[in-house]
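Worksheet: the structure to be examined is printed underneath.
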């Protein structure tokens, strides 16, 4: 019996100003304010609702530590893509709805005092799809981590590559992975946190390549769409297919992390993986050197655009149709 | 239904001077002289009989090109091991029966003009088991290949590590693999040819680590003894379990080679993998440099012991009880 | 303000004069016929190409961990005195072979076999030539279980940094992640009737038009022909096919590819490995079009006018402006981009 | 003529004064009781040791290709300010856990998980501490299908060259290839009641004595106790166990191991990585006993007398000379050495 998997189509009521939300895990009606206070985790069944990028940064980073970079990056329409609507119109609609320019925010922040280069995706913006802007932000986050000798943290929430940018979207797989490989060669850690959903080209590029792969419980994580998997192959899907726990049991996730514990988990990992001050061995080529966050940040000053935090604090709403696997 | 696998115990008639041999593949009676002439491959069913190290060298190498090295290496008895017979007595019996000092011969030879460092095992000597002598010969073969910038060829035929040398035999896995890793780091090719049988600690060390893994048809290749696999786990064995074709379909063998074609196959592979003369890029550290076989051989002169080829030319008999899988 | 629109596409160095399909009367039909040619069952595949052009070929097998995937072929090849490693997908020529080769859709072990032999190429300083022809990586449950996404990502990662020249050739269907996994190269070549896309036209149509029947419309919108990919800078070089397409003349197609491979291997082998790997990084680093604005973003998203202006900056002659919209807009109902990638 | 008999065993640098078992009245029984202690189900395992000695531990999971093997645990641990990577087998404490952990017998994915995390250790300059306690690698058909031999060989290869310090500790059963796969180290430590052997005593007895009942005899013959392994040079250091064995006092056992780990990590971290890796190579390079003769070999094998002389060169005080031979010799009927390795 094929598992019913969530549609990726946010419904018209995906961003409603309602007061209440029905939990897809336990069917309880949850008061939105309390849900937001609980970082959008159901207090009765632990269902992890989707989280906006802004809220994610708030959950993960030391308060006030985040400085956004490249806030001005914005999609163009390289193919002149029109389906039932022109691509630029879709982008504008998403911008209006979310207050974001595209599906990722990136910058420099701190996690329990450790400075990190971080990029966070938002499924609310065109399904978190990766076009040139998302690819560029992930790549710059990796490059800054490499040059600044910082860890890289990427929080994924994406349906995959953005069709409307065609193969240029596909090329973002190569662009981002190449940058992650340079980070790896420099001996700097990359922690990938996968959230619901992390699929398609995002999963098949940087998201799966963390030195440590973390994932929130019961997130949809997979390569091919479930319809493709089931339909093309005419085969039953195994239980829990493409859910975090399935990925864990198949060896692709190091740890399943509760949202409330993600910050402490990442901080603990960084204590192990952040390069130690260079000793006798540190003189090796490519070896780690001391990170000087202040000088790095000052060197970034000229790239800072706009206000430090241009993202509205209010959660920007997520579509939640996912039944528990 | 568990597959019947061959016993490793050569029977008393394992080395008989008989004129005829019954082919375990097709049950035909084969005239030994003709069988030897066909390099011990059944002309009617292609069954590959086991081959002595001496005959193997003759099949693989350019005529007259082989110079044996380390012919004088000989086992000692580090544990004072006695089961139903003292270990030294077993060694002596095997030496008397085979005319070899231990279960491997190694040296320098040429394959279609390319100088190679080669080590060939012989199942006829205590089941081709790897003790310190075999481990040392494989290691020296790899080290000579590295220092002389030659390819390494190892032909395996072994039941595994030699119990009578205890963990010192087990340590040969680490010793040989470490030497192969150095060869790999130096950018020199290692071609592993697995023959019937290649099992246990020999398979789980150098034999499986070839840059290219070749195997003769229908050879027994595996890690655990079939009794262990079937008995411990109380599970049916899949068809063709631990045979060359099984290993091939599971991704561990690059090519299944007929005995008559092995020399040409290896020569073809060497044409691709032997380091080219150093060009602009060759100046890199660790990069290949030109191999000068003559100067290498002369530097080996003082290590040459005894006659060039101390192994009797006559095949030394193999136990052949193996039904075709 | 617009600092990069089409990546390196506009100033790519190596190009032939392949013009976009000229069937201006019905561009959708023209594109769809290309897709059909790219999928033609008699189109030559990796093994046919290698057999026709190489003076020597030794196929290697196995990923050393799980299996030997017949949908991916790898080996050592020689053309005259040029030795290189071959990696390519392999569809079947008939139904039986297609079943054995999973219709050319590799499982993770196929990509891991490719990774293994590419690492071997680096160790032995052999360049790599890839032949890309894949509907997509195998999308079945076992493929997911064994980590198709990981295998693709790791293959991309290896190719992005490997210290040996890579010539990637899209010979047929360049299907999404399953294609890019072996298509990261120092030079990316396409046969004239090859296609390259982020998702199959059927998948794209099913998501955006809600019916796979609109696949030709989606194919046109995605600009997936070799000529379009050349214009986008995703492909560097298009090789014309003989007669009515590669399937009508395998030998001549192989002959043309052979000449290009020789030329490119010789060109790339003259470049230092440092420069080569750096240029490869820059190649992919520059792909993708975006703008950068300094306008205040918060709750004041760019006006409809801005988006129009951005689009106007594109060469209207290059991009057919009049793609038909098959239905009315669906308001804010926003499908995400996902089916295969 | 005899140029190397016991490898580095006789001049190993780091040793405690652990004496061989003194149960001289019945050495076979003494050895067998050690084997039983090594297999005791209440003996602490990797996770128990780490929980008892580390100030912080984060377990990692998965091989990134097939699965997460519960028979092998890996993670990041800290003792005071020393951070290191942990790799170790994990048997179950009861039947249920044993089933889940396959009785501590890792499949290939277990060793590949170990390989992955050891590569991570190298990249992040963390030393490695391994806890070895395994009856043997999993011998089932799926284990063979997925390449248990390849996984073991590759793990050995990585450990032989990895540029970070390795402390390997045999804590229980050091069972053959499944043990050495994670036991290649700069220093190899054994708990007093640990055993280490090329094959299980049962397997050895089944082959050489044709009955597993002779396992104690085989155990004695293989010299598999920690003290014997120290004498052979396979183990560098033996750590005495408290009370009646480690199972009677987990905390004290862990405390002793913790002190040794600190001492060894500090010692090894002071050595340059070049020297460390070279010394590690030399360590394994020198293990194994053989002689070299110049006598003509052809059809004139060494006389019986020679073999005797060779054996006499061993210290008769160190090696119990009077091992009982349980049956008459079996002539030329020569069983090879194979069951697990």
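Letters A, B, C and D mark the chains as written, and numbering starts fresh at 1 in each.
Keep this in mind: a contact is a pair of C-beta atoms (placed from the backbone, for glycine too) under 8 Å apart; a residue touches a chain by one contact, two chains touch by 3 or more.
Keep in mind that this is a model prediction, so the values were computed, not measured.
When you average the Cα atoms of each chain and compare centres, the chain farthest from chain C turns out to be D.
Two chain pairs are in question, B-C and B-D; the one with more C-beta pairs in contact is B-D.
Chain centres here are Cα means. That of chain A falls 52 Å from that of chain B.
If you average the Cα atoms of chain B and of chain C, the two centres end up 43 Å apart. The mean-CA centres of chain C and chain D are about 50 angstrom from one another, to the nearest whole unit.
Distance between chain centres (mean CA atoms), chain B to chain D: 26 Å. Chain C has residues 64-66, 146-147, 150 in contact with two or more other chains.
With touch defined as above, residues shared between interfaces to two or more other chains in chain A number as follows: 208, 250-252. Viewed as a network of touching protein chains, the structure does not reduce to a path, ring, star or complete graph.
Residue ranges of chain B in contact with chain D, taken from their complex: 8-12, 70-86, 88-97, 99-101, 123, 126-133, 135-136, 139, 158-175, 177-182, 185, 199-201, 203-206, 208-209, 222-225, 227-229, 232-233, 235-238, 241-242, 246, 250-252, 305-307, 310-312. Per the touch definition, chain C reaches chain B in the complex via residues 56, 58-68, 76, 78, 83, 109, 113, 120, 123-126, 272-273. Taken in their complex, chain D has these residues touching chain C: 64-66, 108, 112, 146-147, 150-151.
Of all residues in chain D, those touching chain B in their complex are 2, 5-7, 136-137, 139-141, 143-150, 152-154, 156-157, 159-161, 174, 176-177, 179-180, 184, 196-199, 203-204, 207-209, 217-218, 221-224, 229, 232, 234, 280-281, 284-285, 287-299, 301-304, 307-308, 310-311, 313-314, 319-321, 323, 325-341.
Put simply, chain B touches chain C in their complex at residues 184, 187, 189, 208, 211-213, 248-255, 265, 268-269, 271-273, 275-276, 280-281, 284, 287-288.
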